[in-house]
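Got a structure here, written out as structure tokens. Questions coming.
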Amino acid sequence: MSELEQLREQLREFAAARDWDQFHSPKNLAMALSVEAAELLEKFQWLSEEQSRNLSADTSAAVAEELADVLLYLVRLSDKLGIDLMDAARNKLVVNANKYPVDKARGHSRKYNEL
Amino acid sequence: MSELEQLREQLREFAAARDWDQFHSPKNLAMALSVEAAELLEKFQWLSEEQSRNLSADTSAAVAEELADVLLYLVRLSDKLGIDLMDAARNKLVVNANKYPVDKARGHSRKYNEL
Amino acid sequence: MSELEQLREQLREFAAARDWDQFHSPKNLAMALSVEAAELLEKFQWLSEEQSRNLSADTSAAVAEELADVLLYLVRLSDKLGIDLMDAARNKLVVNANKYPVDKARGHSRKYNEL
Amino acid sequence: MSELEQLREQLREFAAARDWDQFHSPKNLAMALSVEAAELLEKFQWLSEEQSRNLSADTSAAVAEELADVLLYLVRLSDKLGIDLMDAARNKLVVNANKYPVDKARGHSRKYNEL
């Protein structure tokens, strides 16, 4: 089993043991994931970009917990939907490579320069 | 290399080839991740919980792309912060197990019954 | 002065008195607004749609605080950008009326039936 | 009628005419609001704080639409919950004034300096 598959199994056991599957509709899981992403965002909201590159140990530890929360809900939601998360990610990388060809995207990519 | 480490390497090459590291401060990456989490949420916003358990093939494919986007930014952000994503996730599972012991959490968990 | 203009003035004084304008770049304010919107979302994440229509007094009070937080950041951000919030809202209503004409939108609106 | 009350009435008519109340559970409206807040956030994600203070006319117009979307869902959600949005905002300002007294908050407010 890959590491993400192990996580998936642990999350299945975790929810089953607590009888939480009833709450884990994909709709609810998508909401929970979004909430965790915002808790992650909150750690950076008053920092400058420069400060965000140099987090204190405490902030870094807090951020690590939020990154973890997002991944756990991502794995759980993918599982409930029967979607292979790694496959989806690999496919998206290919899509992105075609959407932003190096020669066009280098320097002033329209994606980044929409001011 | 694990699959997440492979993804990390591919994302490094992708950004370097396009000279995008300048935009990839952790602050900006956290914002982008949050935006992708909301694009994922959007797919579910007018669905009932029941409908969310039975997505059409088209919606499922669209959702897979958003799940992928979130994972890609998660891996990229963790990399920029020097945080091991899998370690963080494994640690958080342990924290969660202690926070929601089975005997207390089963049935009416206070987490889920705050009405 | 309209009520939103009064709010705008109070928020200007509030920030000035605490020397917080330095943190109130539109970028940061947009992040803060997004975080508050997620804190609002969190109150509903494990509720069914039916339960969300019948909140307890406590939850209702907690939700009211989050609604307030979103409005305060909305007014503050609009002010910093020099955008008239009420004008923008009125214009958007017109745009929406054209985008979803009653005869087309009634019943199965494509907006709501994308399954 | 205040301007927000006018908006509330227009939104009631808008939804009723299109038979959309069925989709407007508070849970769904909170999701929609969160999605709009992220669409607003997206306009700023690759901008520096300085650039965010100097938006082009096009970006400013796009941002105005997103600010409007957030306000419309805020008014609609408050209405469905029977919560007075302006009252909630005024109360929250008082709460904030007590939470961040000027003498303590000025300069290095712990809220902003949690690095």
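So that you can tell them apart, the chains are marked A, B, C and D in the order they are listed, and the count of residues begins at 1 in each.
Going forward, contacts are C-beta pairs under 8 Å (C-beta built on N, C-alpha and C of every residue); 3 or more make two chains touch, one makes a residue touch a chain.
None of these values were measured; they are calculated from a predicted model.
The chains touching subunit A as well as subunit B are C, D.
With B-C and C-D as the two chain pairs, more C-beta contacts join C-D. Centres computed as Cα averages put subunit B at a distance of 25 Å from subunit C.
Annotation: 2 Å between the Cα-based centres of subunit C and subunit D.
For subunit B, the set of residues that touch two or more other chains comprises 23, 28, 31, 34, 37-38, 41, 44, 46-49, 51, 55, 112. If you sketch which chains touch which, every chain touches every other chain without exception.
Per the touch definition, subunit D reaches subunit B in the complex via residues 23, 28, 31-32, 34-35, 37-39, 41-42, 44-46. Those residues of subunit B that touch subunit C in the shared complex are 31, 34, 46-49, 51, 55-56, 59, 111-112, 114-115. Considering their complex, residues 2-4, 7, 10-11, 14, 17-20, 23, 25-28, 30-31, 33-34, 37-38, 40-41, 43-44, 47-50, 52-53, 55, 60, 63-65, 67-72, 74, 77-78, 80-81, 83, 85-86, 88-93, 95-97, 100, 102, 105-107, 109, 112 of subunit D touch subunit C.
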